[in-house]
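Here the chain labels run A, B, C and D in written order, and each chain numbers its own residues starting at 1.
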Amino acid sequence: MEIPRTMKALRKTKPAFGAQMVEIPVPKIQPHEVLVKVHACSICGTDVSIYEWNKWAQGRIKNIPQTMGHEFTGEIVQVGAHCTRLKIGDIVSVETHIPDNYSKQTLTGQMHIAKEMKIVGVDRDGSMAEYVAIPELVAWKNDPNMPTHLASVQEPLGNAVYCTLVTPVHGQSIAIFGDGPIGLFSVAVARAAGATTIILVGLEDFRLQLAKQVGADYVINARYENPTARIMEITQGDGVDIVSEMSGSPVAMEQCFEVVRRGGFLRMFGIFKDKVNVDINDHIIFKGITIHGINGRLMFDTWFTVSNLLKSGRLNIEPLITHKLPFEDYEEGFHLMLETPKKCSKVVLYMDREKMK
Amino acid sequence: MEIPRTMKALRKTKPAFGAQMVEIPVPKIQPHEVLVKVHACSICGTDVSIYEWNKWAQGRIKNIPQTMGHEFTGEIVQVGAHCTRLKIGDIVSVETHIPDNYSKQTLTGQMHIAKEMKIVGVDRDGSMAEYVAIPELVAWKNDPNMPTHLASVQEPLGNAVYCTLVTPVHGQSIAIFGDGPIGLFSVAVARAAGATTIILVGLEDFRLQLAKQVGADYVINARYENPTARIMEITQGDGVDIVSEMSGSPVAMEQCFEVVRRGGFLRMFGIFKDKVNVDINDHIIFKGITIHGINGRLMFDTWFTVSNLLKSGRLNIEPLITHKLPFEDYEEGFHLMLETPKKCSKVVLYMDREKMK
Amino acid sequence: MEIPRTMKALRKTKPAFGAQMVEIPVPKIQPHEVLVKVHACSICGTDVSIYEWNKWAQGRIKNIPQTMGHEFTGEIVQVGAHCTRLKIGDIVSVETHIPDNYSKQTLTGQMHIAKEMKIVGVDRDGSMAEYVAIPELVAWKNDPNMPTHLASVQEPLGNAVYCTLVTPVHGQSIAIFGDGPIGLFSVAVARAAGATTIILVGLEDFRLQLAKQVGADYVINARYENPTARIMEITQGDGVDIVSEMSGSPVAMEQCFEVVRRGGFLRMFGIFKDKVNVDINDHIIFKGITIHGINGRLMFDTWFTVSNLLKSGRLNIEPLITHKLPFEDYEEGFHLMLETPKKCSKVVLYMDREKMK
Amino acid sequence: MEIPRTMKALRKTKPAFGAQMVEIPVPKIQPHEVLVKVHACSICGTDVSIYEWNKWAQGRIKNIPQTMGHEFTGEIVQVGAHCTRLKIGDIVSVETHIPDNYSKQTLTGQMHIAKEMKIVGVDRDGSMAEYVAIPELVAWKNDPNMPTHLASVQEPLGNAVYCTLVTPVHGQSIAIFGDGPIGLFSVAVARAAGATTIILVGLEDFRLQLAKQVGADYVINARYENPTARIMEITQGDGVDIVSEMSGSPVAMEQCFEVVRRGGFLRMFGIFKDKVNVDINDHIIFKGITIHGINGRLMFDTWFTVSNLLKSGRLNIEPLITHKLPFEDYEEGFHLMLETPKKCSKVVLYMDREKMK
C-alpha cells in the first residue's frame, strides 16, 4: 500500500476551545514503531476535555499543536526495523499507555501504571488522523473479522472490563455510579460475567434506558431519587457487594461509600475536580472494605478478556455505540458529547468511509 | 403443623443391591437440630452407588439400616432448644457436610473439608424420607418462592459452582470432561459467569445435546472423536485456560492434562476407581499449572452464589432436571440413572406431591 | 475451682474522666458462654479513650456502669450448657468481636465485620475484672505454656498481624505510620514475615528506639524530619510497596498517599477525629493502588498466625511490653498511656499476681 | 574494555560423559543482545545431567558442541544496537528462560512458561565460558556491591523463592522434601519469610546439618526414619500447611500427599524419572488441596524478591555455598556434585579469579 506524504489530522493548534482539521505530513516511524492507517477513532471523554480546553486539559497538555485521539483501529502499513511481532496488513487496536521499560511496575505486570508513562493523544500525536505512528509494544492484533466500530472501542471497553472484573462479579450485586460510556459498558460487562444484581445510577434518562437494554436490573436517576435509599431497599439493608465510582461526582462518591456492604469492594475510576472529603473511619475501616484505584487496563490480560468477550458474542454493547460519523463531521461528534449527553453514548468517527456500515 | 409418629423412608436395609421403602418413627431432634418436612429430594450419584452397593459403598457405608439421600428441600416443622437462627415455617435446603467445630479447617473458612466430617445420607440418616433431622448449622434458608425442583438441586449445583468458579472464568476458555449432572450444571454455570469458549466432553449424545441447550459452544463425544485433537484445533494449538475433570476416567484425566494450556488451571472433581498414573514433569511442572482438588462447596460463600444465580434467572438449568417423579416411583428414578444415562440427567423425587408442577 | 460471689472490677460508673475499682457480683453465664478467671488484661487505646471519656467514647459507650477492658487471658472456670468445644481449666484469650450468626459476613469468612457486632468492654462488660463471661465462640484456647503477658496481648497483636500481612510482605518495602503499640507490633511482624525494608514513622524517640529494637531498618521522627522526603530518598524515588496508616493523623494520611508506590498497597487502620480530604485522582486512581480498611482480626485465621508466630519464637515483641503492673495500680497504667507515651508502649495489668514474673 | 577474539569455554563436544575446556571465538551479539564477561558460574543439577549425559540429557540436548552453564554473573562489555535498558559496565545476572514475544503466556505475566521457550545452556550456548551473549530482556541488573558468589546463585535461589512463596508462608508449617541445593535454599527462604514450623526431609546428614544451620526446625533423614509418621507426630496429626516436593522421588511424592493437611498447599518442583501413580481421590479431592507446578521463576517479580532478600541480609544462604573453585577445576566441581553430595551443596566456578575472596 502506497503511503502518501501528507494526511488529514484533527489537531489542537491553540490553547482554546475546539480543534482544527489540517493537512500535515504523515508521521515517520522509529525503529520500534509501526505506522497504522486509521480506519476509525472513537471519541473519549479525555478528547472532549482537550477539545473543550477545560482546566484539566490546560494543566496536562504540554505540546501544541498536537493531533488528538487514541481510541482507534486500523491497518499496519509500515513496520520499523526493530519490530519483531507484527507485519504489514495486520489490523490492530492500540493500548494507549506507552510504558517505560525499566521500572518495577513494567517488570512486574503493572506496565499500565509504569512510573514514566506516555499517553497517545495526550503526550504525543494521536489517532484522529489518517495515519498514526505507535510503538509495536502497545499494538494489539485484532481478528480481521471484527467490525470496525467494535474494534475501535476496545480501549475504553478495556477500562470497563478491568474496573468491573478486578475482583470476580459472578453471583455478586454491583452498583455502578455514572452513566457515561464506561459506566454503560460496565453494565454490559457485569451482565456478561454473571453479576446477579446490577444497578446503574445516572442522571440522563436516555442513558439509563441504554443501561436497561444492556443488562441493568435497576436504574436510578439521581436527579429524582435518592440512590442510597433506593439501593439499601433493593439490597434489604445489606448494601451491595461491589461498587464502581465512574462519575467523578463527590456526591456520588459519598453514596458509593454508603451503599457498599461491610467487607465489600469499591472501585474508583471517575476523575474528580477537587479533593474529596472522606469518612475513613466509618466508610473504610469499620466497614472493612477494599478499594481499587483503576486506571487504564492490564497489559495485556484485559485485552484478551475484551477480545474474547467480543468474539464470543456474550457482550452486548451494540446499543451503546450510538453514533457513527465520517471524520469530517467531527464537530457534530464533539457537540453531541459536550452538549447533548442526553442523546448519545459512544461516538465513532470514520477516517475510512468504506468501513462505515 | 402436627408431626406424625411415623413416616415413610427409603432405606438401605441390607448389604445388597436396592433399597426398601419402610415405615419408621419420625426422627427425634437434638437441641442443635431442626426437623424438616421434606418436599423433594433429588438423586445423587452417591445415592446410586449406595443403591447399587458398589465397591465404594461397601467400604464407606458403616450403618445399616440407614435412610438414603441428601439433596433436598423442605419446611422446618420443629426447632431444637439451642437453635438461634431458624424458625418453624422456614423453607430450607441443606449443606450435606456436617463439620466438626474445632479443627483448623473449620476455624479458617474451610469448614467443608473439616478434619472430622459427617455426611448426611452417608454417615447418618438421610433425606429420602418424609422427615429428616439436621443440625441448624448446615441448613440454608431459601427464598420461599424458589421452585421446589430448583431448591432441591442446590447442593449438587453448588459442586458445579464451586468447581467451575474456584478461579474466575470470565473471558476464559474452559473444557469440562464428564457429561453427568455436575458436568452439565458446570456448563450452565460457566456460561452464566462469562466463559467465552465452553467445551463439554462426554459419552452420551442425549447429554451432549443438553449441554448445547445450556450453553456449550462445542460438545465432543469421546466415543467418536479424539478430545485432545479436537480441543487443540479449537484453541489453535494453545490449549484451554481451564479444565474441569468430572468423569473419574483415567483416559479423560490424561486428556485433561494434555489440553490445559501452559499456566492454566485444572480442577479435579471426578472420583476414580484406582490410582492414576500422572506425568508430573510434562503435565504439571513444565506447564506450570495450578490444580484444585474440589470437594463439596464453600460454606457458605458457594450457597450465596448458587442462590443468587438461581434467583436472578441468569442460570439456565431447567433442561437439566429431566425427570420429576413421586417418591413412590423411586425404583424408576434409580433405574433411569443406573441403566439409561442416555435418557436422563437430574431426577427429582417428590415426598410432597403438591409440590410437583 | 470455687467461684466467689463477688469480685473486683474496674468500671466506668459515670460519664466523666476516670474509672472506679468496685466490688460487684461475679457474672452469670448464658448457656453458650464460659466464665473466665482473668489472669491479666492489657490496656488498649480504646480503654484509654473510655477512661479519658473523649468525644468518641461519649458517642459510643451506651451502658454505664460497665466494666472496662478486652485484651486479656485467663482460665475457664465454668462452661455453659450449650458449649461444645472448651472445658474447665483451658487457658484462653479472647477475640473481642462477638459476631451475629446470620449475616452474609458471618456466613462467608468475614465474621470480624459482621453486620451486627458486639464488642467486649464496649458494648458489654469487659475483662478488667477478676472474672468475665464470654461466648464460647470467641474464646481462643492457648498453649498453657504461653507466658501470661504474651497471651494477654494476642488480641492487639492480631490487629498488627492482620493489617501487616493482609497482602504478603516478603521481599517488600513497608512504611508504618504511627508509633503506638500496634504500629510497633507491626514492625516486629513485618520483620518476622520477611519485609526487606521496614520504615517506622512516629513522634516519640522512646518508641522509635523500640521500633529499631524489634526490626525497623529506618525510623523517622516526623517532628524533626519530613517523612515523605526521607522515604522517597530511601526508596530512590520509587516509594514503598506497602504503607500502613496507624496514626489517625490527617497529615500522616497525606504522607502515606505520597509515599506509596504506583501499584502499591495501603492499609488504613488508624482512627481519625474527622473526615479527611483525599486527592482521589492523583493518590488512588492514577497510582493504581489498592486500599484495605482494617478492623479487628480474621476469625480465626489471624489467631493461628499470631499463636504460631509467638510459639515459634520468630516474633520479637518482648521489648514492646514495657510495663507490668498489679491490677490495683491501674491509675498508673492509664496515666502512663495518657500522659507519657514517651515512656511506654504496652502496659499489662495483672489480676493474678502470681502470673507476674 | 577490550574484547579478545577467543575465549575459554567448557563445552559438551560429544554425546558421552564429561565436558571439554576448549578455546573458541567470543560470541557475536545480535542487535537485541548484550555480551557479558562472566565473573562466576555456579553448577546446576541440569549441568550435572548434561555432564553425566543421562537419559534426560540425551533426549533434551539437540546441539553438540554447545557451551554449558546458565547460573552466572558478570559485567556487560558490549551492547547490541536495539538494546534500550542496559549499558556497558553494568553487573548482571541472567534469567535463563528466554521467552517468545507473542504467546498469551508472555503477554499476561507468565513469560517464564512462554509457549516457545529457549533455555541458556540447554538450547543455546551457555555461561561456562569467559564470555556469553544473552538477550537484554533476560538480563537482571545487580547492585554492583553484591558479592559474586551470591550474585551467581540468584537464578537457582529464584527457584526456591518462587516455589516456597507462591502462596504466603508466614505463620504456616512447611515440609520440604529433598536436600539438594534448591531444597536447602527453600529452608532459608521459608525462615526469612516467617514460616513457623520448617521441616526438611532428605537423605544426607551433611545436608541435613546445613538445613539446620539455615533455619530448619526439624530435619528428617528418610533413610532412618519414616517421614510421614514423624511429620504427623510433629503436627499432632493435622499434617502441614504447605509441602514442597523437591526430590523427584516417587516415594517422597507419596509422603508429600500423606502429610499435606486438608485444605493445604502442595508445590511440585522435583523432576521424576517416570510417571507417578497418584491417589487422586484421597490425596487431592477429598483433602481439597491446591497444587502448584513450579518451573523457573516469575519474570521479574521473583528477581525483585531474591535481590531484596539478599540485599537486606535477611536471607542466610552463605553456609549453602560450600565450594568456590577456579574455572579450571571444573572437574572437581562436577565430581563433588556427582559423587559426593554428602559433602557439598552449591559449587561456584570462577572465570575471574580476582572475584574469589
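The working rule: contacts are C-beta pairs under 8 Å (C-beta built on N, C-alpha and C of every residue); 3 or more make two chains touch, one makes a residue touch a chain.
The shown structure was predicted, so the numbers you read here are calculated from the model rather than taken from an experiment.
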(request) Name, by label, each chain that touches both members of the pair chain A and chain D. (result) B, C
(request) Tally the contacting C-beta pairs at the B-C interface and at the C-D interface, and name the larger one. (result) C-D
(message) From the mean C-alpha coordinate of chain B to that of chain C, what's the distance rounded to whole Å?
(response) 43
(request) Go ahead and note the Å separation of the Cα centroids belonging to chain C and chain D. (result) 41
(request) Name the residues of chain D that each touch 2 or more other chains. (result) 104, 108, 304
(message) Considering only the defined contacts, which chain C positions touch chain A in the complex?
(response) 103-105, 108, 110, 112-115, 238, 253, 261-263, 268-269, 271-272, 275-281, 284-296
(request) Name, in rising order, each residue of chain A that touches chain D in their complex. (result) 31-32, 82, 84-85, 101-102, 104, 107-109, 299-301, 303-304
(request) Note which residues of chain C are touching chain D in the complex, please. (result) 161, 165, 168-173, 192-194, 196-197, 217, 304-306, 308-309, 311-312, 314
